[in-house]
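The structure under discussion is supplied below as structure tokens; questions concerning it will follow.
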Amino acid sequence: MTSSASPRFRHQLVIPFQDADVAGMLFFAHLFRYAHEAYERFMSALGHPLAGIIGGGAYLLPLAHAEADYRRPMRLGEPIRIELGVGHLGESSFRLHYLFLGGDGQLSATAETVHVTFGVVEKRPVAIPPGLRKALEPYLLGDMA
Amino acid sequence: MTSSASPRFRHQLVIPFQDADVAGMLFFAHLFRYAHEAYERFMSALGHPLAGIIGGGAYLLPLAHAEADYRRPMRLGEPIRIELGVGHLGESSFRLHYLFLGGDGQLSATAETVHVTFGVVEKRPVAIPPGLRKALEPYLLGDMA
Amino acid sequence: MTSSASPRFRHQLVIPFQDADVAGMLFFAHLFRYAHEAYERFMSALGHPLAGIIGGGAYLLPLAHAEADYRRPMRLGEPIRIELGVGHLGESSFRLHYLFLGGDGQLSATAETVHVTFGVVEKRPVAIPPGLRKALEPYLLGDMA
Amino acid sequence: MTSSASPRFRHQLVIPFQDADVAGMLFFAHLFRYAHEAYERFMSALGHPLAGIIGGGAYLLPLAHAEADYRRPMRLGEPIRIELGVGHLGESSFRLHYLFLGGDGQLSATAETVHVTFGVVEKRPVAIPPGLRKALEPYLLGDMA
């Protein structure tokens, strides 16, 4: 299956004044906030909202890794579209992959986050619950991701 | 030269209330803010404060890449010590490497950021100015970084 | 004219994970970020986007005052609707008034911000430009504000 | 007792790059973050750290009100000294008052926050515990506050 065959979850935002630096460009760390907001909306759309997972008390989803590559500046007031896919679905962790498209539709940045299903009682990584795994699978990207 | 032979720049902080999540643990994206604050203090200590570089108008230092690995949760109120070194010093970019040590002195996370010397007039990467290069060199980590 | 006769500008958001504290409630300072984002969208809708004002170089709009009253906690994942009106339109400053309505449509918080039209060349407050004044007037709240 | 007779708790910081806006000035909402960080350090110094209060499970300290007045811009890289005092000590709430002094030692901004002792079991405001009251009293400002 190729990347283009998988759906990506979309999230939109406008770079707010407060997130721009002295040069009028997005301060790099805010990209990770945006990625997490897209991930929150994605989980809610899948029927697994973070508030419900935390309230459920069975497992948490701490991040083990995060990275971003910045290709072009993103500017104050610029509309950004995030496209999120699942880069890898492991035994007790999954990797999300994000594209950040600028106002002209071209790629401005990419990011990845790795989330671990960590058992609250077990105090160690546990298998991704079947319901969550099944919900993530349709968004699994192909080899090109 | 080994990593232990190079000095690392140190920066300390206490995880504030607002940076902890519902589970009382540091929200991952704030680690990048802390890394950047350590970098700002480092540049000031080297005699190249960011405000001066920006005001100078010759070049900016946009980030091309950022990544972090999280080994243990960092908690609300926990004192954190950041140790910063230069992982790589290229022609027109440099890579910084950060250790985050928790309240017990053990490693909680690591991070890296890549900074490009981008000419304001040239509108492309330019050579790291000799003065900045000379200031960064003593902090260059060895092969173990 | 009564308050109910004036239109209010609406802005919606969902409380993201990162803005909730250990108790799962919105950290108070983020309310001011939300107010400012509503203000940015309002100014854009009026045809006076902040990026354009700053780029124009004639005046800036620094805040002279900000305040908020918190009536009920706002929670992680809760949809919030902001309703913005102009509380006062002075010679060289204007006051914005914000209602924050929770997921049940009831009032959760209120806020106010005072913005000064500060001349870049004059280095002091200057009269609100006629075009901006005219754009703000329809949103002027009555005595009940 | 006059204001000058009461000690104020001091907290220092340097305005980081990320908190400055396009004009190189502090974005207003960050002032509330700084106030809260000073409050956290103050509570820890009094022997009532927030993490302990929350973990204790008896009461929380939600904010009922926050306000700030901005007199002068605070700039990227500027050292700021916060001086905190107790403006009012009520039955089930207390008001903190903050001075923000710029790099030249002159006043740049003031702020106030009102904190309610909210019983976790009672689900309503409860009397400030005697130990906390006693710890706050020495910092009570006089009529000039």
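Lettered A, B, C and D in written order, each chain numbered from 1.
Please note the rule applied: contacts are C-beta pairs under 8 Å (C-beta built on N, C-alpha and C of every residue); 3 or more make two chains touch, one makes a residue touch a chain.
Keep in mind the model is a prediction, meaning the values are calculated, not measured.
Over half of the residue numbers at the subunit A-subunit D interface are used by both copies of the sequence. By count of C-beta pairs in contact, C-D exceeds the other of the chain pairs C-D and A-C. Averaged Cα coordinates give subunit A a centre that lies 35 Å from the centre of subunit D.
With each centre defined as the average position of its C-alpha atoms, the distance from subunit C to subunit D rounds to 24 Å. Spacing of subunit A relative to subunit C, judged by their CA centroids, is 30 angstrom. The residues of subunit C that reach two or more other chains are 17-18, 22-24, 27, 29, 33, 36, 54, 76, listed in rising order. Residue ranges of subunit B in contact with subunit D, taken from their complex: 14, 16-18, 24, 33, 36-37, 40-41, 44, 49-51, 54, 75-77. Touching subunit B in their complex are the following residues of subunit A: 22-23, 25, 27-30, 32-33, 36, 54, 60, 62-70, 73, 113. Contacts from subunit D toward subunit A in the complex involve residues 17-18, 20-24, 27, 29, 76.
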